[in-house]
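Each chain gets a letter, A, B, C and D, in the order it is written, and its residues are counted from 1.
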Amino acid sequence: MSAAALVLAPVFLPLAVGALSAVLPRRAAATLTVIAAAATLMVAVLLGIAVLDAGPVRLEVAGWAPPVGILLAADGLSVVMIGLSAIAVLAAALVAAADDHFAGGHAFWPLVGAAAAAVNGVFVARDVFTAFVLLELLTIASVALVALGGARSAAAALRYLFVAVTGSLFFLLAVALTYGHTGTVDLARAAERADDTVIVGAIIALTVVGMAAKTALFPLHSWLPAAHPAAPTAVSALLSALVIKASIVILWRIVEYFGPLTDLAAPLATAVGVAGAAAVLWGGVLALRRDRLKSIIAYSTVAQVGYMVLLVPLVFTASDPQVAWIGGILITLAHGVAKAAMFLAAGALAAAAGTGRLDGLEGTISRMPWTVAAIGLAGVSLAGLPPTLGFVGKWMLVQASLDAGAWWWLALLLGGGLLTFAYTARMLRATFNPPGDFSGARELTRPARTVAIVPLALAALSVVLGLIPWLLIDVLSAAPMGGGA
Amino acid sequence: MTTLQLFMYAGAFILVVGVAATLLVRDLIRRLIALNVASGGVMLLWLALADRGDGEPDPVPQALVLTGIVVMAAVTGIAIVLARRVEQLDDDLEEVEQ
Amino acid sequence: MTVIAFSDVDVLDVLVVAAVAVTAILAIAIPRRVGATIAFLVFGLLLALLWARVAAPDVAIAEAALGGGVAGALLVDALHRRQPAQPKRDHRRAVAITAVGAALGAVTFAALATVLSRLTAEPADLGPLALEAVERSGVSHPITAVLLNFRNLDTLLEIAVVVFAAVGAAALSRDRIRTVTDPGPVRRVIAVIIVPALVLLAAWLLVAGTSEPGGAFQAGAVLGAALIIAHLCGVRAARAAGGRALVLVVAGLLAFILLGGIGLAVTGTWLALDLSWAFAAILSIETLLTVSIGVALAMLFLAAGSRDDAAAADSAAAAPALGGAA
Amino acid sequence: MVIVDVLVITLLAAGVFFVVAGTVGLLRFPDLASRLHAVSKADVLGLGLIATALALHLLITEPGWAAVGVVAKLALIWILALIGTAANAYLMAGSRRRAEVETEEEP
């Protein structure tokens, strides 16, 4: 079996396990899900080695080459994102297996399998129509997962569905234009043939709007702070850490392939950058003003999405776009790991204290110091402070901004970091004992041990990856973005 | 203007009408109808593009449209399940308040 | 764009397109659900007519079975429920919103039309390439070749969409699926006549799909309709199968993935079919997919179905508890 | 030939008339019972007349077994429509009747 066969494994493995989980008892479903996530991580490592060895790994599905068939390819971006998905699913599954309350019901297991398969598929897709179907699979799975949060979550789930499907329709229109103009839905082939600057500009613009809606990029973000906190804790973690990354990656891919072909791309990219900047500030300020843990963390995601799209304007202006690409990808990875840690830790705290309100958390730190520490460490990574992965990503984006002479992005990167620091500190402070009370005698329902360990392990991972970022940077540099697959 | 151009512009028009209504209408079922109308517009655009020229139409976009229709049916199904839950909750809460 | 000359355009086409556009506007503009739903059903019917005009009979059948059939049934079923009173919006504000929406829509349409006018009228070269490859696919109908061979990954993922939609819907409406206990004589007769006829039609669409319009989706939609009717008519077998429905639904998806694995083992590529057994593989996987799609669509419909009065009374009784929990 | 054409056109016109009449009845009649009455009877009759016209036309212009097959399909379509319409009308009327009985009992 060649390395090419590995490209579809991260799709079929979770999909098969998801389908089986629908009819298997809970314990078996949980075990299989954990095994599949671990195996996906192995596949990511193997694919990473193959990419380091010989560049992108291509797979012509069913033996048909484009334009008749579908091409998938794994490059550095695919490999690290599949790795992130495996880790996020593994973490969420472990927590959900330890305490059913965090899963929201048996349907969690099949739906998580479907969501994991869909995001992994997006990471390797090089065919725009296949990407559309994957996005729809992801939408169905995520919407149903949100609705597992009980009767009250249905309204948030439905709102999410309308936004997500409308976003998909914009993308489907972009796909139709791609086919109409170039006669193919294969990305590389389409980019080779596209020569009309207006049509290509429209393709990019439609993708930007559609994916901005699905990713919750300001000003299309308002569904996210409703949907993500309404879901069960393990689902909230997956949605923020993983699901929004799929639409980001599609946006990146379209910019990667079509961006250089049209003069309209630069102004569009600037617009994306401005929206990202507004997201960083708006999300940060609103996160500071919320008084529920999950709501703060959801607004933090709104802010962090701003960083993830910041690479879009930078790759057009920086003299070495690779620095902007890698910086943006690393900051996205860092967000995935840190946000999963934060949501899982917050869920554990809220379950122990019996409330997610900040004013009900007093004294939790003396009973659950490690869970609070996980929130703190994750916050450090999100704020982009050393020695975390978030710092490495932010540092590279700073370099790219300086390189492009765009000091205003620099100011934004630093200002946003301060806001992140502020709302993290606010969460931590809420867990302290009341002034003058050193007894720490508050009685809590202590969660299962796994529930405490997993967020801490994730937070530790953002530090470890921050110390050895060359591991990721090497894989990402092995197949430069924009170099084609 | 050819027939196919007519179909293409009609598809774009229906899409715009549907998306606008999806964003503006509040009633859940009507919103869902608007979304389905919008998707019908995109499908019309696709099929018009597939049938350019005099020969046999391109089977690939036709297959893609089939896929799109099935996906929309699934989306519609789950949306109605959710809409029912939302409205039941609203009704039940109303009754509690009375 | 210069002056629009309708000389090349068939008058009938213009009429049908105008009718489609008008029903689309009605479907979104009629404030009451009943009217909007009826307009939407007419819209779907007219669309099916257009699909026939653009030489897409497969899509026309699917539209009739799915768009008009199952989606229509879902919407009509939703009409049983009382439309919640909309919070009274200031009339002036409503007019303003509509006006802004119409203006933005007009601008968007103008921009989109400008982009579309730049597309060439030349057909894409993909068509001839795909048609030429059909003879190496194992089936003679081009669309089935695309769906089950060239781009079978898309189809597998699409089945996954339907399967997981059914899984999600079932999870969100557990214990609420109504059972019909006393169907009465008329429904019993319907069940005896219509259900076998529909099952036969589904089988025909399935087998015919390898050489002419039809295939697993259309057959699945028809089978779904048959199952829904069987359930509503109180057919005992349909009720008994309820518990195992999920098994049938996921079986199709798992079999498809397994086929992908067989392709990998035999030919070295995921989902690849060897020409010597491609026909057999396509027909058997389509059969399983038909069952999968049919049962999944029936599950979606039944999960979305309105509750009967007894259940409504139960929920009214349970409401205080629910309000307390929320 | 001409006689057959005249017959076919007459049948078609009559069919269209009944379908239109049924639709007008559906839209204009005051209550469910009369609407059902209009649509379930006139529509099926109209469809039957149109199907007969088509069958006749086909059998005269292209005689042969293929035509017989198509005529059989047309007959099947009409019979299924007949069953479907009748059953629908019965179920709708029954459901309305039950709803009325319940509202009468309630207050």
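What we mean here is this: a residue touches a chain if its C-beta (ideal position, glycine included) is under 8 Å from a C-beta of that chain, and two chains touch if they have at least 3 such contacts.
For clarity, every value in this text was computed on a predicted model and none was experimentally measured.
Undergrad: Which of the two pairs, A-C or C-D, is linked by more C-beta contacts?
TA: Most C-beta pairs in contact, of the two: A-C.
Undergrad: Where the centres are mean C-alpha positions, what is the separation of chain A from chain D, in Å?
TA: Taking the mean C-alpha position of each chain, the two centres sit 57 Å apart.
Undergrad: Can you check how far apart chain A and chain C are, centre to centre, with Cα atoms defining each centre and the answer in Å?
TA: It comes to 30 Å between the two C-alpha centres.
Undergrad: Chain C to chain D: how many Å between their CA centres?
TA: So the centroids are 27 Å from each other.
Undergrad: Name the residues of chain C that each touch 2 or more other chains.
TA: In chain C, the residues touching two or more other chains are 112, 116, 119, 123-124, 126, 130, 150-151, 154, 158, 161, 165, 168-169, 172, 322, 326.
Undergrad: If you look at chain B, which of its residues touch at least two other chains?
TA: 15, 23, 45, 49, 60, 64, 67, 71, 74-75, 78, 82-83, 85, 89, in rising order.
Undergrad: For chain D, give me the residues that contact two or more of the other chains.
TA: Nothing qualifies.
Undergrad: Going by the touch rule stated at the top, which chains touch which?
TA: In this structure, the chains touch in these pairs: A-B, A-C, B-C, C-D.
Undergrad: Going by the contact rule set out above, which residues of chain C touch chain B in the complex?
TA: Its residues touching chain B are 4-6, 8-10, 13-14, 17, 20-21, 24-25, 27-29, 31, 33, 36-37, 40, 43-44, 47, 50-51, 53-56, 58-59, 62-63, 66-67, 70-71, 74-75, 77-78, 81-84, 86, 97-98, 101-102, 104-105, 108-109, 112-113, 116, 119, 121-124, 126-128, 130-131, 134, 142-143, 145-147, 150-151, 154-155, 158, 161-162, 165-166, 168-169, 172-173, 217, 221, 293, 296-297, 300-301, 303-304, 306, 315-316, 318-320, 322-323, 326.
Undergrad: Okay, in this complex, where on chain C does chain A touch?
TA: Touch residues, chain C against chain A: 111-112, 114-116, 118-119, 123-126, 129-130, 133, 149-154, 157-158, 160-161, 163-165, 167-172, 246-247, 249-250, 253-254, 257, 260-261, 263-264, 267-273, 322, 326.
Undergrad: Give every residue of chain B touching chain C within the complex, in rising order.
TA: 1-10, 12-18, 20-21, 23-27, 29-30, 32-34, 36-37, 40-41, 43-45, 47-53, 55-60, 62-67, 69-78, 80-85, 87-93, 95-96
Undergrad: Per the contact definition, I'd like the list of chain A residues that touch chain B in the complex.
TA: Counting only chain A, the residues touching chain B are 68, 129, 133, 136, 139-140, 143-144, 147, 151-152, 154-155, 157-158, 161-162, 165-166, 169-170, 172-173, 176, 179-180, 185.
Undergrad: State the interface residues of chain D toward chain C in the complex, per the touch definition above.
TA: Residue list for chain D touching chain C: 80, 83-84, 87, 90-91, 94, 102.
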